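One structure is given below, represented as structure tokens, and several questions about it will come after.
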Amino acid sequence: MLLKELREKVYEANMQLPRLGLVIFTWGNASELDPETGLFVIKPSGVAYDELTPEKMVVCDLDGRRVEGDLNPSSDTDTHAWIYRAWADRGIKGVVHTHSSVATAWAQAGRDLPAYGTTHADYFYGPVPCMRGLTKEEIEEAYELNTGKVIVSGFEERDVDPIAVPAVLVRNHGPFSWGKDANEAVYHAAVLEECAKMARDTELLSPHCGPAPQYLQDKHYLRKHGPNATYGQR
Amino acid sequence: MLLKELREKVYEANMQLPRLGLVIFTWGNASELDPETGLFVIKPSGVAYDELTPEKMVVCDLDGRRVEGDLNPSSDTDTHAWIYRAWADRGIKGVVHTHSSVATAWAQAGRDLPAYGTTHADYFYGPVPCMRGLTKEEIEEAYELNTGKVIVSGFEERDVDPIAVPAVLVRNHGPFSWGKDANEAVYHAAVLEECAKMARDTELLSPHCGPAPQYLQDKHYLRKHGPNATYGQR
Amino acid sequence: MLLKELREKVYEANMQLPRLGLVIFTWGNASELDPETGLFVIKPSGVAYDELTPEKMVVCDLDGRRVEGDLNPSSDTDTHAWIYRAWADRGIKGVVHTHSSVATAWAQAGRDLPAYGTTHADYFYGPVPCMRGLTKEEIEEAYELNTGKVIVSGFEERDVDPIAVPAVLVRNHGPFSWGKDANEAVYHAAVLEECAKMARDTELLSPHCGPAPQYLQDKHYLRKHGPNATYGQR
Amino acid sequence: MLLKELREKVYEANMQLPRLGLVIFTWGNASELDPETGLFVIKPSGVAYDELTPEKMVVCDLDGRRVEGDLNPSSDTDTHAWIYRAWADRGIKGVVHTHSSVATAWAQAGRDLPAYGTTHADYFYGPVPCMRGLTKEEIEEAYELNTGKVIVSGFEERDVDPIAVPAVLVRNHGPFSWGKDANEAVYHAAVLEECAKMARDTELLSPHCGPAPQYLQDKHYLRKHGPNATYGQR
């Protein structure tokens, strides 16, 4: 069996999603890339979390084709694959998709998630962008692949660094997040949902308060990330 | 004892309702039809979930009359019966009623639940309609039966297919949902509540954002349903 | 030891409050009246729920004076006592006070809880009234006793029947509820919180939708209450 | 090992934070001062709660320097230290910082938390103030220390007594709370989050209702605090 250890890791990452309250039923999926082989392991499509096992995970290549496994891979496989194609060389080796409740509401509202405070700035350096919707043609031609393309080109066009902002809102759909492995991508999915709740309530309390000052965002992001980081144990 | 196996299934479906956070106390009921006998099994009225057993389930005919069981059937039995009468030949053999918190708020607000995103479109092909309120006469004459009639005729008048939109909001009351069995009806009740939360928050964040584009709804609904579905394991 | 059995019942009723998510820390209390002796059993003041025992419950008379027990009774004892004085002959023998989150928000907003739907009408026949605030003089003279007096006279002035509407919102403070025993008063406290959530969301979705039609409220209230009730097992 | 008993207490206080739903991941920290030695014990930086042990707690002096422990202390250590420097002689020996969801939203909105009712007044005598944001210079010079200075000088300038209002909202960041020990500081953090939720909902229901009357706030605060307190067991 290919990538036995990675199957375990990806299984564990997927199982965290319902535990963290980010998905119900089958509404999410996590994957991780093995950079040596260029293959990634992903959740099978439509399988309930309490029926998952490491063996049921599916191995795919970067064209989203199943390489090993009896089950169909997640319907979002082509989106994961494109993100790895574009950004694996930046160190992105884990991707997560959920329909977590409040982040999805921001995606449905078609709005960027503003950086209202330090909770956000500790993980996302600037707003989490909401992508343009796919066109009818993009959807009909290759929906899941084009979702990946809209994400990657959207970050390029808006000059957003996917390392500094490891999440996105797909218009009328929901969030994707990523990280150095599946576990970190899950972590970012949970942070995103929490920031989405706080930002919703912030606007209820003060609709026009504006984002946190840039120098505060700088301080928080840079005390956790980069060469001069001081947070945690180093 | 009639329909022993079905009693177990309906018992299990009912017990899922509090576990999924859809009901407290006795505020919900699930039933399932046995197409061979034309009888259905339903929760007894006003019995707490932790006192339920498969044996306490009540067997009724399609006039809502108790055929077997010591306990009175759910007060909503006539509504279930009418839905089976109208739609069993479409394959609808499970019905659920809850007072889940946010779906009920939409029903109290008297509003259709808009299809703001793909979470909704994966299960409901278009808005979940809110029915007109019953008249004083309809309520006094045969409240629960007429609730069923308003649902069925409301779907007809608005040309909504109950297979494509397996849930409804009853004005000032709360949601009903259905499916191919009681278990699927419970599933749709949970999806509805989740979509109701997301839609509430979507409107808080962008009051006039409008529904998801029709071609996106088409894509999501049709990738999970119908002859060309690709989602899950087939 | 006086009223041993009643201590057990009141202990159990108090322990339900944190389990139902209605109180944290020491923020609530339940009591029940023994009509034979004219005494009631109530939670001691400021004792955490996980340190409660039936023996720690306090027995008081209808002047709110401690008759048995080493601990001080709840600071709200005089409010409970006055409710029993006024309404015990109507069959009210259980009282509960909580600071449950959303019902308290309605009390802080100084607003009656409207009867937006059947969930409400199944238990409360009309709006749950919010009382006028106490005057400075009433607060300084006998705060807790006068809270009881404002409740009882408020129901009289507004011609609300405490049997038909077994709960109240005390302005800038929070809810009290009651019933035929402590257990039913707890039940009404939980229903009130759930209706308070639904009503908040109803107004977010449709600020001017107005209450449910009176004939629908009549139907629901009267199918659960009174001589012609059909709900449940009778 | 220094302050063995205090390490246990501070460990327990930290472990309460996720249990009370106030923090996820590593998003909070509790400390307590030992007045004899002038040292305080605090959570290590960036360590997950389920990996904490009493031995991993870090001992610091009032300049925020680590005196004992292998791990770096919380990145907020200098803020805790300054609060002890300023207010330990007032009896403040426990400090807590969280990013609890709704209190953080108030901080992001840049608004004082109004005293809308008695739940608030039982613990906070007046609004919980939101501090001015730190300047760019203050952030770049000594961010965490200056956060402490802005809190202490903010209370002085606004003439707020930190004993009567044992919590603060740091602009665009989140809440700090304090008390006579770490456990009481945790308690105040939980009360603050609950009051923040109630106040958000109060404004949704009645945007201009204004705070509770001063004489009601006086009654509630003074029945729990000071020489004439009657609440609880004394």
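Labels A, B, C and D are assigned to the chains in the order they are written; within every chain, residues are numbered from 1.
The working rule: contacts are C-beta pairs under 8 Å (C-beta built on N, C-alpha and C of every residue); 3 or more make two chains touch, one makes a residue touch a chain.
Protein identities per chain, from UniProt: A, B, C, D = L-ribulose-5-phosphate 4-epimerase.
Source: prediction; values computed, not measured.
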Exercise. Pick same or different for copies chain A and chain D, depending on whether their interface residues overlap by over half.
Key: different
Quiz item: What is the chain whose Cα centre is as far as it gets from that of chain A?
Solution: C
Self-check item: Distance between the centres, which are taken as Cα means, of chain D and chain B, whole angstrom
Solution: 46
Practice problem: Could you please state the distance in Å, as a whole number, between where the Cα atoms of chain A are centred and where those of chain B are centred? | Solution: 33
Quiz prompt | Residues of chain C engaged with two or more neighbouring chains | solution = 200, 204
Exercise. Chain touch graph shape: choose line, ring, star, complete or other and state it.
Key: ring
Quiz prompt | Touching residues (chain side chain D, partner chain A) in the complex | solution = 24-25, 27, 44-47, 71-72, 75, 99, 101-102, 104-111, 133-134, 136, 139-140, 143, 172-174, 200, 203-204
Self-check item: Contacting residues of chain B [partner chain A, same complex]
Solution: 116-119, 187, 190-191, 194, 197-202, 204-206, 209, 212-213, 215-216, 219, 223, 230-234
